[in-house]
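Following are the structures in question.
Each of the next two complexes has chain A plus one other chain: chain B in the first, chain C in the second.
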Partner chain A sequence: MQTFFTNFINPHLSFSLCRLCCSILFFFQYCLFSTFSQEVYLNEDLRNSTSKFYQLAVKAWPHFNYVAPHLLNEKKKKPKPSRDTRIRLGVASALFGPSSVTADFGETMARLSRKIFEVIYVDVRDSRPLDSPYLLKRASKGDQVVEIKLAYDEKDWLDEARKSIAALDLDILLYLDLTMSNKIQRLAMSRLATVQATSHGHPVTSGIDKSVMNFFVSWGAAELPLEEAKTHYTEELMMLPADSLHQYYKPLISKSGVSSVTGMPFAQFDRKVLARDFKIPAEDNWYLCMQKPFKRHPLFDDLIAGVLANDSKGLVLLHDLYIESEEHREIIHDRLVRAGVDMNRVHFIPTLPHHVLMAFYKESDVVLDSYLAGGCTTTREAIEVGAAVVTLPANYLGGRWSLAYFMQIGVLDTVSIMYWGFFSCFLHLLDNSDNFMK
Partner chain B sequence: MFSSVLYLGIQVAKDTADYVRIAVKFGTDKTEQARVRNLIKANAKKLFHRSEAVSAWTHLLQEMAYNGTELGKRTDHSAKLSDIKETNLDWNGISKGASGATIKPSVLTGDAKLDWEDAFATAGYPKNSKVDKNDVLTCKFVTVPLADGEVKLAEIEKLWATTIGRKALIDQEEFGLFWHAFDALFDEEGDDDVHEERNSNLVSDEL
Partner chain C sequence: MASAAYVSGYSESTEAAAAMFSEYHRGMDRLLSLPSLGMEQFNEDGDPFQVHILHAAQLKFRPASF
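Now for the complex of A and B:
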């Protein structure tokens, strides 16, 4: 853990620790970190780590083990839905606010046929202060939204949450993400619906036993071949087809070059303007990585150092801290120096409005995909403006989105796959989709 | 076994060196950079409006609901697009191929299929033959919105005339044409803003 703090910056964990210090009353909540923090082990056996984490949690707090009464009583047990009835689908998340989770799943869930599914959104309120625009909209379209409100006493909260969800008598409870909120993580240790599944809102296994969390829904194109990929999950792995997109996305840039997020055009932000406004030498080669700092694994530092060592005119532009912290700034600086990075050639860019971010993608010479945790939304955005995103696929799902997107668009020039990669791509396609080869 | 060995190679220096090599190549060779950027931009559209994703999710969730945890006992459950052809429909039920090109539906699927069966149930005909216009127009998918005032009879007649013409007996494919056109009358507007709520200034993680 000490290594973790000194070598890897993770504001989420630090924030959890701050809360731990502040709260003794709710100790059982704050001792249970989100497994999000375990991403430092992306180059280790993450399934083993998250599984142990789960086992420890249910041993320390046995009340996390729970099965809703209606699932225990054979007489009360809900029969499997038939094709004549609608499937009651609960869609649960703690990130229904504007987030990458709604950006990823929002359109797809909204477009599921309401003749086949009765979609009930389960809004687990955690740190989001405002109502979710997405859920307000879904409610206005006739979908049911069940809000799991915050409670002062954590045990009361868990009991109430379980009761509310069990009362929905769901055929499927689908968690869009499980690891970015420790509230939903605890909730997911309960068995509340006939079938329970989680998905790639956060692309790592929950670690929860598959008798409780039955399935992980992933995308064949972004996974290793099935037999390999299965070993990454404690859940049963279900894969969406490798030969087509896994979500319904809409472009974020209009044909006239306007960001649909901010409603602003970005053509006026050419290289000269960006260089002037952000004090970056315009004539150098820009290597941009706008992944949030917590995604920059120490292994990625070596790649930055390598780029700068091999391009004397290279400048690396990195996302700055979004929560100011002298301590974190020092850690990042020291880490990069240790990796041999010339810090005079590193510029930190603050969080940008969407249209300016698009301008940076467009004007940079190369967009560096982070490694081992790569980009998903960010890669799609960069591809949209025709940026040359360079990626090195990792083993886990979270480090393979860019490869999958490039396979979908049929451009593999920027994917670092080398000798092993050609074989792996071949085996992958063979395993996960016969049709892709056609 | 073979693939395991290959994948273990991911941490070796040669891979990271390759990443650096490719990045520097595109950073310094502007001609090569322009070529790959044009290639990426020209193909970027393949990532968007891919309705088969909705079909794939529909299929997968149906499998889960109908088969429950038994599904996990199957040896291979990596879905393939060929498995889900039957549910490969977009929001309006128009079938799409992997390339995103619209394909005329020759076999009804999903809701359209259920309504086609409903038309037969109404008429009492044997399956896979033709149905009468009256049988179609007395199906629930027509009568319910009609009764609710969401659509007028004149609109339905006009739609029939434009999609079917003067024919009174229609086959499955013609039914599909009418069904999709009818369904499109009730297309939801404004789903475009799902993404608009995304605000890059938020702390939320980008995956």
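Now for the complex of A and C:
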């Protein structure tokens, strides 16, 4: 298998699959069906599947198993005299953005006490073409930024990345996200710091052996009770307190109603304007779900059908495909029809500029959280503009963010604890919309 | 098997999503059970894992909505 994929990375070979894929340097993700896709299988045993993914990866490519030389004799290791007493914390990501990862972690990392921590950002360049504004700012504030540059040869890249990070002599290496970049996913199989941890930039366990990836840092409010939640992770689960927000939250909407993402106001997009521009009947009840379509598990179709069956004036507005695929369009259509959905009452909305999206949240009667994989940033944004979000929590972290946010603000009217309770939430909302919005 | 089945949101049904996941596990279990991993594992006709890889490659190059 190793030979097979090593052959893949040689562009001179004429093997048929090689021709198909010769522009790609490395086929790790094709062989192993990147764990990113597993996020949406939230009714399966993800710890088991991601663990197998890891085991298979290191079996096929034994060089992924690696311990930095300076960690091999840790007990004998003496502190270097040149080092100060601060904890040397490496913060690694391939998504320093702008991205949901910087939105989630950026301010929190920036606000860690520099008297306690020496924060070193490890910028794993993957697909981002430009410099990260976040990292430029952090560097201007005195933080060290180490860039792991792209390389043509993937093995050279991995060796160089390991050397660069090991040379930092980190006490803790924290990966903010492990599955959204296959480079990070491979790098994380190495032990490069005394303690290694990952977190919820992508809310799925790494599957990596606990001796390599020691901890998963999650948020108590968004997890099941510890005894159950820890069965979801190959790492040891560490939870931030449930009674406060897990991150430093910076609102994306100004008090004057301007999106900080686009710098544009959204008050001008009232219901009449949106109805006209997107050809949606203004007078009906709008149930909006702007989660990306890959998050809409087929189980969610029944919920959509139930919404429409319970509200004769209801219209469901769903995020359209953001990359056109006739096959996927047909599947989505046929699935909804099979679930009993009247497709005349479903409207597909394209990807929107942030301020227009905020207007949709504000003008919709109900915002639906997707199921099984739910929203995090999207739920926060919807709450910011005063929208009513109905959620059905799943068992895994990726399907429980909305519940956690509602627990923080003490509003649980829109959290359904049962599959079919979803509909009673809507009816309750529509009957009490004035009170709820207050 | 449609390539779309690789992401549950594009699966044809709940059952198809579950079947895809099971197939994925079977492929991984089979490879993990082998004493070593070599090219010969990919040359058997009808090998589900080979099909899996081909579909994954096609999914990327089509491109699909994911």
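Here is the rule we go by: the second predicted complex is superposed on the first by the 373 of 438 C-alpha atoms of A that agree within 3 Å, B and C clash if a C-alpha of one lies under 4 Å from a C-alpha of the other, contacts with A are read in each partner's own complex, and residues count from 1 in each chain.
What we mean here is this: a residue touches a chain if its C-beta (ideal position, glycine included) is under 8 Å from a C-beta of that chain, and two chains touch if they have at least 3 such contacts.
Here the structure is a predicted model, which is why all the values come from computation and not from measurement.
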On the A-aligned overlay, A:44 touches which partner chain: chain B = first, chain C = second, or both, or neither? second
Determine, under the contact definition given at the top, whether A:322 touches first (chain B), second (chain C), both, or neither. both
So, A:107: does it touch chain B (first), chain C (second), both, or neither? first
With both complexes superposed on chain A, which partner does A:89 reach: first (chain B), second (chain C), both or neither? first
Is A:119 in contact with chain B, with chain C, with both, or with neither (first, second, both, neither)? neither
Let me test your reading of the model: by the given contact rule, A:56 touches which partner, first (chain B), second (chain C), both or neither? second
Could you say whether A:204 touches chain B, chain C, both of them, or neither, answering first, second, both or neither? neither
Classify the contacts of A:171 with the two partner chains as first (chain B alone), second (chain C alone), both, or neither. first
Find the residues of chain A that appear in the contact set with chain B and again in the contact set with chain C. 43, 292, 294-295, 299, 322-323
Hey, which residues of chain B end up touching chain A in the complex? 2-4, 6-7, 9-11, 14-24, 26-28, 30, 33, 36-41, 43-54, 56-58, 60-62, 64-69, 71-72, 76-84, 91, 98, 110-111, 114, 188, 190-207
Within the complex, which stretch of chain A touches chain C? 1-4, 7, 17, 20-21, 29-31, 33, 37, 40-41, 43-44, 48-49, 52-53, 55-56, 59-60, 292-299, 321-325, 327-328, 331-332, 334-335, 338, 372-373
Mind pulling up the chain C residues that touch chain A in the complex? 2-4, 6-14, 16-18, 21, 24-25, 28-29, 31-32, 37-39, 41-42, 52-54, 56-57, 60-66
